Amino acid sequence: MYLQERVVENRLIGYPDQGIYKLVLYGQVAKSAKPGQFVHIQVSDTYDPLLRRPLSIAGIDQDREEVTIYYRVAGKGTDLLTRISVNEQVSALGPLGTGFTIPHTGELLLIAGGIGVFPLYSLIQVLSTAKVSVKLLWGGENQEFLESADFNYLKYLGVDYEVSTLDGSLGYQGLVTDLLEKELKTSKTPTGKEIKSARLLRAAACGPRGMLKAVTAICLKNDIPVEVSLEERMACGIGACLGCVCTVRGKDGNLKRKRVCKEGPVFDGEEVAWDAEV
Amino acid sequence: MQKFNGMQDFDFTTRLGDLILKNPVITSSGTYGFGEEYTDYCSPAYLGAITVKGITPLPRLGNPVPRLAETPSGLLNSVGLENPGLEDFLRSYLPKLSNLHTAVIVNISGFSLEDYALLASALQDYASPNNSTNITSNSSGIAALEVNISCPNIKHGGMAFGTNPKNAEEVIAVVRKNTNLPIIAKLSPNVTDIAEMAKAVESGGADIISLINTLLGMSIDIQTQKPILANKMGGLSGPAVRPVAVRMVYQVYQAVPLPIIGMGGLTTWQDAVEFMLAGASAVSVGTANFLNPLAPLEILSGLEEYCTQRGYNSIRKLVGLAHRTC
Amino acid sequence: MQKFNGMQDFDFTTRLGDLILKNPVITSSGTYGFGEEYTDYCSPAYLGAITVKGITPLPRLGNPVPRLAETPSGLLNSVGLENPGLEDFLRSYLPKLSNLHTAVIVNISGFSLEDYALLASALQDYASPNNSTNITSNSSGIAALEVNISCPNIKHGGMAFGTNPKNAEEVIAVVRKNTNLPIIAKLSPNVTDIAEMAKAVESGGADIISLINTLLGMSIDIQTQKPILANKMGGLSGPAVRPVAVRMVYQVYQAVPLPIIGMGGLTTWQDAVEFMLAGASAVSVGTANFLNPLAPLEILSGLEEYCTQRGYNSIRKLVGLAHRTC
Amino acid sequence: MYLQERVVENRLIGYPDQGIYKLVLYGQVAKSAKPGQFVHIQVSDTYDPLLRRPLSIAGIDQDREEVTIYYRVAGKGTDLLTRISVNEQVSALGPLGTGFTIPHTGELLLIAGGIGVFPLYSLIQVLSTAKVSVKLLWGGENQEFLESADFNYLKYLGVDYEVSTLDGSLGYQGLVTDLLEKELKTSKTPTGKEIKSARLLRAAACGPRGMLKAVTAICLKNDIPVEVSLEERMACGIGACLGCVCTVRGKDGNLKRKRVCKEGPVFDGEEVAWDAEV
């Protein structure tokens, strides 16, 4: 499971100042990857930066044995990653983590904040949209960001979506949680069915922690089960160091730790102890 | 899986007093979970021993996140001794550990002398049967206790046991009283005089010394203007600390006759050679596992090649060579 | 030359007790020669102060080579206090230093209390006239003494003065008796309790505390199987040690009310902000000069931009912010 | 004097397993460079490796504002250097150090060990061979090495030379110091004039320390003044850290330190205290 993957593509997409790259890896990871899982990539040979970098799997092509990743340059690590050329080998542990539940029927509401959309791409991709009705709500900084984060690909996937931007440059002006509230306030379910019969409506979300907390609250208020994909600083990526924990409330009401890299990154929104500070 | 015992007559057997390991490569406490996490990448059966996460009498949630901060060639962590506690360790983890076909070292941590006494006597019942004559491996049970004395002593104002020779000696003596297992005293590097600490744990009855634990450090986020770690301070590990670790192994080798397990930033086989030349009889791989899950195996094959190229037929020939005067 | 005082009303003045500098960026002892070496790249006139190489009463050849070893994100050195000695320093170096238009801090090192007494009283005669009211710059003479207490005390078995609080206090007290110059006590990080050392030098009469000096380390060449440094052990500096340095500055800030000069792995302006948030009133650039001779200037302009973007009109607003509880 | 130089060329020359690269830099360094000086190059942005790397100036083209450097991949630093592409900027301090004395008349005997030949290339290049008779003695591992270290360039320079290899694959089999002894034993000076009138014969050498020590001893025995270019581990490269000292014996007989980066790397062979261990 220690995998050398070959770089098939690694290039800036969209506006340069958005710094978003598309990385395609050929190798073993694709064989067993599931939406919501991630790879833990070694970005260089030096000890500075020291650690691997976790990046979500945004697309899976089992036939071509390729996974697609989108990353935004955030610091030294992602910057070094941009310098890796096509055909070079990178060391990537993965696929890691548990991933999203994949519904085979009913309706799925996806809520994404910023680059949190990337793992949701792979979820959309594997869903049978004939059997599951999907709608994506996606909030971002502005139009430039959304377009750079491969908005076209989303359109190509052919799912229903609505976007919001902070500056109103595209879609609704405001937060994606506003979109979610509005969506659930209509008498119809997002995908057009009566809300009373919406027993099979579920939600999945990825984005900043504050947003996920709000999304969870809204979903639970509406009796919609919601899965959230969390981020946390990681060292090992495989459950050995206990660096990346998330605090959850067990069935017995007691606080417990779960490892974001192992039991996560996808958690049941309800179990996360959002306000725990222990 | 890498091949690392190509030379049939190369003797990898490692003697740490009564603790005899099939080879000198161990994985460090807190960096290798409970032995199962890395099995996809590296079979623990190839290792000399694995050391489990520090166990305390009661379960601990540890510190809030963030628990990790990256620094130049280093890693700060403040996991805060999260662990399932003694009872659950014995019930849920130890049985599985016994299936890994390697020697199991249990790292114990306490906040009072009573904690250490309790842990030592409870774990004594699970001692591996054959710890003094055979190579400790393929055997169920515990091969040795590693006593983490870097924990704060709650009854003495939170000052770590491991920063005062008298306290360190006491902790080891208490453990000694409660176990026949080989005792590995794990020293903290946050001290003025590491040789003095080594002598103290020797007096306390330690059989083996392991070092170093992490260096106390801190990192501040200039955006939030607060320490990055929720716990403010944390332990520094990784290649950045290696020169300090090598120096301390060298000093302890000169100060006491006990066998040494060297660690601290050890990442490659070259680093393992460096620690053994400084005086370590075995080496332990910590943060390096996070960078490269194959690190322990690569270290094994590198050590063997280094030795055989120089005509050493046993790994033990390396130990302490840097102390030769000519 | 970089521009770094764009905002006319930004106040860079740095107060270290009676020592008032035009800005908080200093260069560290042993890394900036005698101030002339870097003038092609960075005019010392832009700096808050420069600190000269450690001076001893008599000239010293220092240690044999190799004196340097590179480690991950770090540098080991064992220069061994090579210096021209007091007399030649006063004759050949000090006059030139006075032409550099910056405050000059003289680092003094000794192997006995007498050494420190001699240095302090001899240098007192060259005190800069205006060290307590004006900004110390453009002025001839010495602005402050930095007392390096990390040297071995020959009369006490070679244990460094700076690793025992009583000895450290004595050294500072002896210097105090022999000078009116501001005294900067430079602490060694190779101690169990840095706060205790800070209190000791405060009692001895120090006006300012600088930290950290280098961490004791070692590196072994696996080909020759000998320590790389001719002196075997050396001092570790550079980015690798920064988390330890920041932690110690944070602890000393809480332990004593004296102003702090922070150093240890400080390489970028972001690092300078980190040290000031931890509690340093000024920062000192050491090993970073070797990587980037423009580092001090880039740090100055980065500090100013960081402050002005946040609406701080004075550099002093930064100091200790990481200690806020809310 | 803090110089960004543009990379004009950076490529492997010769046999791949010899790992010798030619690096050409365009910028300010060429303007004032002298043979025997060096540049102190930053090989990457990370802190691992931490320090700059000193490399000798092997060719100077003032008109094109280019200096040529040859380097052999020895470890992490030189390996990172190979990854810098043409047209990238590198930070290079220099020209640093004092360099060789450049004779304007008489005869010059050059002795090189291994890659020690590189600084001598620039010396040959600037000498007026019409006025100064030059002969190079060069020892190396084997033919592959010599050819990879741009032997052709040496031939192109048109000076008299003789080579030795340890395995005899090219030239004399043995040490370059043997060549030197032989050279000086003949009744003629290296360049053909009578030895008695050889008042203007000087020597310059670069190579491993052991070789330089032997060369110095041979030259002094023959009353030939010799300059040697020393190597030492360096941090600052400009005289500020005292990391790179060489021990010399002063006129008063006392040992002193000189900085290889500042007072060197070229020293009078006679002043070097070859056996000092203080």
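By letter and in written order, the chains are A, B, C and D; residue numbering begins at 1 in each of them.
In the analysis below, a residue touches a chain if its C-beta (ideal position, glycine included) is under 8 Å from a C-beta of that chain, and two chains touch if they have at least 3 such contacts.
Keep in mind the model is a prediction, meaning the values are calculated, not measured.
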| item | value |
| --- | --- |
| Mutual neighbours - chains that touch chain C and chain D alike | A, B |
| Longest centre-to-centre distance from chain A, chain (CA-based) | D |
| Where chain B and chain C are represented by their mean Cα positions, the distance between them in whole Å | 36 |
| Whole-Å gap between the CA centroids of chain A and chain C | 48 |
| Multi-chain contact residues (two or more partners), chain C | 69, 71-74, 238-240 |
| In chain A, residues with contacts to at least two other chains | 47-49 |
| Chain contact graph, described as a line, ring, star, complete graph or other shape | complete |
| Complex contacts: residues of chain B adjacent to chain A | 30-33, 37-38, 40-41, 53, 61-62, 64-75, 77, 79, 82, 238-240, 267, 287, 289-294 |
| Chain D - residues contacting chain A, complex | 44, 46-49, 76 |
| Residues of chain B defined as touching chain C within the complex | 69, 71-74, 76, 163-164, 190-193, 215-220, 222, 225-227, 232-233, 236, 238-244, 246-247, 250, 265, 270, 273-274, 277-278, 306, 321-322, 324 |
| Contact set on chain D toward chain C in their complex | 1-2, 42, 47-52, 91, 93, 232-247, 255-257, 262, 276-278 |
| Chain B contact footprint on chain D (complex, rising order) | 47-48 |
